[in-house]
Amino acid sequence: MNFFKRFSQGNLPLGRIEAFSDGVFAIIVTLLVLDLKVPQLKDPTDVNELAHGLVKILPQFLSWLISFIIVCKFWLNHHNIIRYAKHANYGMIWLNSLFLMFQSFVPFPTALMGQYPSNPLAVSAFGIIMTLSTLLFMILAAYITRNLIKPELDGKKDPTLKWRSLAGPVFYMSGVTMAWIYLPAAFCFYAVTPLFFITPPKMRH
Amino acid sequence: MNFFKRFSQGNLPLGRIEAFSDGVFAIIVTLLVLDLKVPQLKDPTDVNELAHGLVKILPQFLSWLISFIIVCKFWLNHHNIIRYAKHANYGMIWLNSLFLMFQSFVPFPTALMGQYPSNPLAVSAFGIIMTLSTLLFMILAAYITRNLIKPELDGKKDPTLKWRSLAGPVFYMSGVTMAWIYLPAAFCFYAVTPLFFITPPKMRH
Amino acid sequence: MNFFKRFSQGNLPLGRIEAFSDGVFAIIVTLLVLDLKVPQLKDPTDVNELAHGLVKILPQFLSWLISFIIVCKFWLNHHNIIRYAKHANYGMIWLNSLFLMFQSFVPFPTALMGQYPSNPLAVSAFGIIMTLSTLLFMILAAYITRNLIKPELDGKKDPTLKWRSLAGPVFYMSGVTMAWIYLPAAFCFYAVTPLFFITPPKMRH
Amino acid sequence: MNFFKRFSQGNLPLGRIEAFSDGVFAIIVTLLVLDLKVPQLKDPTDVNELAHGLVKILPQFLSWLISFIIVCKFWLNHHNIIRYAKHANYGMIWLNSLFLMFQSFVPFPTALMGQYPSNPLAVSAFGIIMTLSTLLFMILAAYITRNLIKPELDGKKDPTLKWRSLAGPVFYMSGVTMAWIYLPAAFCFYAVTPLFFITPPKMRH
């Protein structure tokens, strides 16, 4: 049998794929907080020293916040696309695993950007990972829509979805570019991007 | 279509929202223990040195204990309120994500308070996060009760619930205030607050 | 209404309690590995130095192994007892949370015992936590059997179960005592105890 | 009753075993990223220094990547084999727990290999753990196929499955051997092995 055709085989129930994916998403958003380290104080009772210590790690809070919202957005989009599938096959499972691999990597660029917010390489690395994540998600979504879509949902796609999906990589890459020109703009691009996806696709009614 | 109205759209099943939320809650309560560090000993076999080391981190144990019970209480209340919803929409999902964001942040103020129990800023930061968490939960609960409540449960609300809910922020903020006056009182306020919610609401029979 | 009686109220489905508990158990057993630190080498390519480094943390591997099996045993017993319940009430949920609190604490005494295997206090602390965990589990089990048992399962209890349950605390406390007399015996007691529970209760047929 | 026979008793539903296993798998793949530490920079804004720091931890990225794919492959195989079982008994649960124990251990050899990629002992330890994991999985699979298989699936086994399963240990052990001869070859063997299992078994149609 054709090697590539074998991936389209299998008729796996979606339950455990959702359970595994939900687990990964839940752990990522919760692990992100581990990168926020309590500042070390010379005088443990000194309010001013602690206040300064907390202000100093503000970029890490910001980095955590942006990542949290982005991962939640991915979870929601993932939730939406999986519902279109009538079942899972091996191709979908591996695309899903690849997508989750990039998701589970998110704490690293988050920590990098949080720790070196004035280093263009650190800030642009964050955007590159997010761009790749989005592209992988788009491939997963396209695979499901083409091969595994529930017959009753076929043709009901939101016509704006493709353009909105493209907005993700475009905005993240704009952030990547801005990281080398004007750093605060990069943070803005990253923070704004998930807002394109906080409303539901138009197709459901 | 109106931007805000779009949030009330969507007819999402509750299963994955519960799975994601349960995952986040389970990870938070379990991650809390990572902040309890084994004391470093000069003589690894010295019982007295270890005993002293453990006594020294008593505030961290206390901080862990209070956080554990508070997060469990939030989980239980979350469990209760989600059961009222007939389904989920985008507004509920984002309010839920925002609430979970503050929950997943809990290990940070817990570590802060555990490490600097005699620093008013550290102790009051804990209470402020808990107040904000409770307010976000109340907004989520109000949103569900107003927009998504199962018809058969409508009007069966526990009349004492609103007052009990308010007790949360009031007590946490009392702890925040006491942190600047008499520190042990702040710990007492934090520890006592979840006890208001350990019995079920009166409405179910 | 009587304060204590309110705990027996509520008719909560078991699904989310199982999901939350399974999540906590799964995270505990997996977090245990984080205490196994890669040894620091002067010469990164030196095989002998690495071999010595790994031998030196053998007590940590042993401590990890014992904890892993004990937590799996608790998960299995928890699994069994929850199946007896027809539904959950607030009393059961709080006993369950208290039990999970001690379970989620396990990584701390595990790290303590792994790092200071020749410190009687560290080794006995492990046994004390396990004893308290077992007692809390017995209380949870007794509560379910008395108040929430499915009618069709009532009276079908394994008569050996009570004695086997008691074996847990007795063996753990023997380990605690031996920690002060002859340390290796304590490790043996801890390792042997879960083996009492690896076969199923006799009642099912 | 015969001691060994008791393990074949019990008629446990598969739901919580799957939930527990999925939780463990999800946590392992996500925890792996914690071993990727942000490089420490003297000048936080220096792009070159950060680039060098990231290049220096390339072996850790590679180690993370290999482990991620291997654990996903185990999850998928686990998913497949559990579906064959009509229910669970104690023997299966303990074999499953033993298998999960080795899985949850994976972050340690991953960190070891990532940190000391030019140390033959570190690189071969990775392969040995993977070999043992695969053997434990084969024992679990054999136990299910012999004792718990759903009647309608019996006899439908993929005849190539046994040979493919053996490919796992053979390739991992080749990697272990190569670690002592030519290190890059060991990495190749480890990376290639999961690719034997990315297509589904032939039996389903």
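In this document, chain identifiers A, B, C and D correspond to the written order of the chains, with residue numbering beginning at 1 in each.
Keep this in mind: a residue touches a chain if its C-beta (ideal position, glycine included) is under 8 Å from a C-beta of that chain, and two chains touch if they have at least 3 such contacts.
Quantities reported herein were computed from a predicted structural model and do not represent experimental measurements.
Considering only mean CA positions as chain centres, point out the chain farthest from chain A.
C
I want to confirm something about chain A and chain D. Since they are copies of the same sequence, is their interface symmetric in residue numbering (over half shared, so same) or not (under half, so different)?
Both copies, chain A as well as chain D, present different residues to each other, with under half of the numbers appearing on both sides.
Which angle of rotation, from 0 to 180°, maps the CA atoms of chain A onto the equivalent atoms of chain B, to the nearest 5?
Fitting chain A to chain B on C-alpha positions yields an angle of 90 degrees.
Between chain C and chain D, what is the separation of their C-alpha centroids in Å?
One centre to the other, that is 25 Å.
So the centre of each chain is just the mean of its C-alpha atoms; given that, what is the distance between chain A and chain C in Å?
Result: the chain centres lie 35 Å from each other.
Of all the residues in chain B, which ones touch at least 2 other chains?
19, 23, 26-27, 31, 34
Can you tell me which positions in chain C touch chain B when the two form their complex?
Listed in rising order, the residues of chain C that touch chain B are 1, 3, 6-7, 9-12, 16, 19-20, 22-24, 26-28, 31, 34, 89-90, 93-94, 97, 100-101, 104-105, 107-108, 111-112, 115-116, 118-122.
Spell out the part of chain A that touches chain B in their complex, as residue ranges.
Touch residues, chain A against chain B: 18-19, 22-23, 25-27, 29-34, 36, 38, 41, 44-47, 50-51, 65, 68-69, 72, 75-76, 79, 198-200, 202, 204-205.
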